[in-house]
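Below is one structure. I have some questions about it.
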Amino acid sequence: MSDFQVGNGCGQRTEATSSSTGPPVARSSLLLPLLLLVATPIECQTAAEYQVRVDSLRDEWQQRRSEFHSLASALLSDGIDTIKAGPFTILTDEPIADVMKQAVPLAWEAVRETLRSDSMLAAARPIYFPTGGSRPISSSPAVAAGPWIGDSADVEDVVNRIILTVGSEVGTLLDDGTRLWLGANIMSPTVARRSGWSGSYLPSVYVELATSGSAVGRTCFAGDLTACRAALELDPVSDPIAEWYDTQDLRRFIERAGMSRGWGSTEEWIPCVQESDDTACDRLFRARLEGSVLHPVSPMAHQTLAATALQMGGDGAYGRMVQTVAPTVADWIAAAAAAPADSVVARWYSNVMAARPAPTTLTAATGWSALVWIVVLAAIATRSTRWRS
Amino acid sequence: MFKVILQSHWSWSKLLLGPGTVAAFALPILAVQEAGSLSDPQLSAWGTAGLLHEMEQWGTWYAALAAALGLAVATGAWGSDHRGGHVYALSLPLERWRYVLLRYGSGVVLLAAPIVFFWLGALLAAAAIELPNGLHAYPTALATRFGLAALVAFSVFFAISAGTARTAGYILVAVGGLLAAKLLLSAAGAAFDPLAFVIDRLTSWPGPLQVFTGRWMLIDV
Amino acid sequence: MSNAIETRGLEYRLGKSFEIRDLALNVPEGSIYGFLGPNGAGKTTTIQLLLAMRRAKAGSITVLGKPVPQEITAVLARTGYVPERPHVDPGLKIEEATQFHGAFYPSWDAAVADSLLIQFDLDRTRRIKRLSKGETGKFLMVLALAQRPDLLVLDEPTDGLDPVVRRESSHLVHEVERTCDWIGVMDKGRLVAEMTTDSFKSGIKRLRVAGAPATIADPPFVLLSRQPGDGISEGELWVVRGWQAPMRDYFESAGARLTEVMDLDLEDGFVELLRTARSR
């Protein structure tokens, strides 16, 4: 046990005993958590309470030192490469080290672009990407586990995996409700944008809204931002069926999907489908789908909204996102964006509308390619020979 | 010269070209009728997604009709020559390449009719339905694609038919070789499929058949 | 006199069994040249080589003063061709086929076509596939003649024609004898003989010779065949080519006696020629 001498801000000086020796301050970045804990304001406490605190800190330090030693020895013994981009540290096996050296700076840049000043959260602990069999380091709590990467992976693929792993890592800071609403990795839109996927998020959300099977989705598409808020489930919903769908929706769904689900034999079927009895439709729908009703929009739309909030919030947005204890998703979004939720929804709607996908029926490339082939084939035909035999 | 070649080409192709033109006009109208009742312009829940799904399904028929018309007109272009062993064409005082171009040109002219009628049918179909918010009709783009596809199909079959029996033999040998290679590699446990590779090259950009693949949507977002 | 058609050293091969070798054809301008030979001799193949429908392996071809196939388009513009088998689109009506054909020839004479269609009693509204063999042949002749060609190439032109049109004889050789100025005899891809019809007819004789020795030296004529007597009269029967009357004296010097000189018609001469050619 070592002795700490501290001032407690109450004008008293106490002495605590500790059997452990004081840690060298500059020895390891693992002291950071310890420093953070020490930096917490110390309120007036009794000596006994203070001792409990000190013991707790000491235990924490010992645990971190142990993890550090095991990490260091694992690094030395397993031949693992360390690649850094600023504070961002990636651990990897030798076969993919070269690819990683190219990928890590690119990934870090994308992370910083999305999380901005909160990108340090991504650097809290190193991330290990294995390429071979399991290693002891994989189970070390000092290291975040990334997915296995084959040694033939290309740089872009590796960059995307790093970004998604960062997303998983920082996503653990979100509360369960937020994570459930998000439905996927917070960094998924970033990866989609980088990859230039033709079906990537904003165009897909546009199509989703345009073809929505719910009244609230269609109304949102038409420009009603209140409906968008409801479609995005920013506020708690007491009766999803009533709030998301109208009677036409229910009848059409029952008519088109009910037969395959064996609903034709129910007593509500004929009144609903053939006699336009809305009550019957509602009764049948609730009886069969209550608790598992389709959401108006997919998690993809939620992620794009979150990405919009991060963009609007600028520096510190993600930090606010994880720190805010929000009763509703709307509050959480507003905290991230440092703006009212309606503003975020408006910006989001504007982005979605601007992302209307180009028609696929005929692209310029297809048209020109076809024309060129027509000319080429005609030219080939003119080489038809006289000599038929 | 072109006029008489066009007339003889028409006489060989009219049996297929006539019904084909009618089908070209009717297909877009049938597609819209099938997808959403023309008497129910307000397509509501799951109707919109269903409409797009139906549009995508009908795309197969557009592509098939374009290919069939191209084949029919190409066959008509060379039918009489193949039957007579090309003796008549070779006895005419005309360079071979000029004769081929005249035949090709007559085929292009004959294909104009079903293409134009397809466009008219698409325009009519688009006008007959009140589209839900967010959806748009693309009759001209669809008709342009149909026209290009028909012309590509015509050009492919025309070029093959213009060749000798030896050319056809080479093509058959090549196809047979691909099949044999596929079987051998498959038996050896290799993952590479040469036939699939070639088909992929032909049907993806910038292959000649790429215009046939993908979504043919009269109505889309 | 120049030649309308001339070939030198012409060679062509089809598969392993048929070839044309060293063909030297000379068709004088203004003549009617009859091309004789048994089936498979190479007559149609030769015609197709002249019209660049087949490619020669070696040799030169000149038609109407132009090299073939280099200037075949110009040659075909001045050539009327009636092939062995009908080559026009059978789905067309006579009227349509006439218009189709006429569109390609600057020298096309519609009045001639109309006149010949009437003369040959051909119904313009009938489709070619509905015509008989003879009617088809007549129609092809109309097409060829209405072009006002400088050269007319007819491949088996009388095949299928009715006797009224062909007049009397049903034998091709006799028709050639009646109509042609020149004769070319082809057999197994070789040109066996090429000469005027008169030379062909007058120069080939059948002789009855008695007491001739087994071998004869340096005859002034070409001995085509020598056969024992027919049992009716004494002596052997000789078929000779290039006969002239003063050659009678030869037999006395050879210790033989010429008892009879008989004329051969074209058909017999043709047969003897082929027999001689094949025996070599």
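The chains carry the letters A, B and C, assigned in the order they are written, with residues numbered from 1 in each.
FYI, a residue touches a chain if its C-beta (ideal position, glycine included) is under 8 Å from a C-beta of that chain, and two chains touch if they have at least 3 such contacts.
For clarity, every value in this text was computed on a predicted model and none was experimentally measured.
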{"item": "Most centrally placed chain, judged by C-alpha centres", "value": "B"}
{"item": "Furthest chain, CA centroid comparison against chain B", "value": "C"}
{"item": "Interchain centroid distance [CA atoms averaged], chain B/chain C, Å", "value": "51"}
{"item": "Averaged-CA centre spacing for the pair chain B and chain A, given as whole angstrom", "value": "45"}
{"item": "Computed distance of Cα centres, chain C from chain A, in Å", "value": "92"}
{"item": "Where chain B touches two or more other chains at once, by residue number", "value": "85, 90"}
{"item": "Junction residues of chain C - those touching two or more other chains", "value": "52-53"}
{"item": "Touching two or more other chains - residue numbers and ranges from chain A", "value": "386-389"}
{"item": "In the complex, chain B residues that touch chain C", "value": "1, 3-5, 7-8, 11-12, 80, 83-85, 87-88, 90-95"}
{"item": "Residues of chain B defined as touching chain A within the complex", "value": "44-50, 52, 85-86, 90, 96-97, 100-101, 104, 132-136, 138, 141-142, 144-145, 148-149, 151-152, 155-156, 158-159, 162-164, 205-208, 210-211, 214-218, 220-221"}
{"item": "Interfacial residue positions of chain C with respect to chain B in the complex", "value": "51-53, 73-77, 81, 83, 85-92, 96, 99-100, 103-105"}
{"item": "Chain A residues within the chain C interface of the complex", "value": "386-389"}
{"item": "Chain C to chain A touching residues, read off their complex", "value": "14, 52-55, 69, 72"}
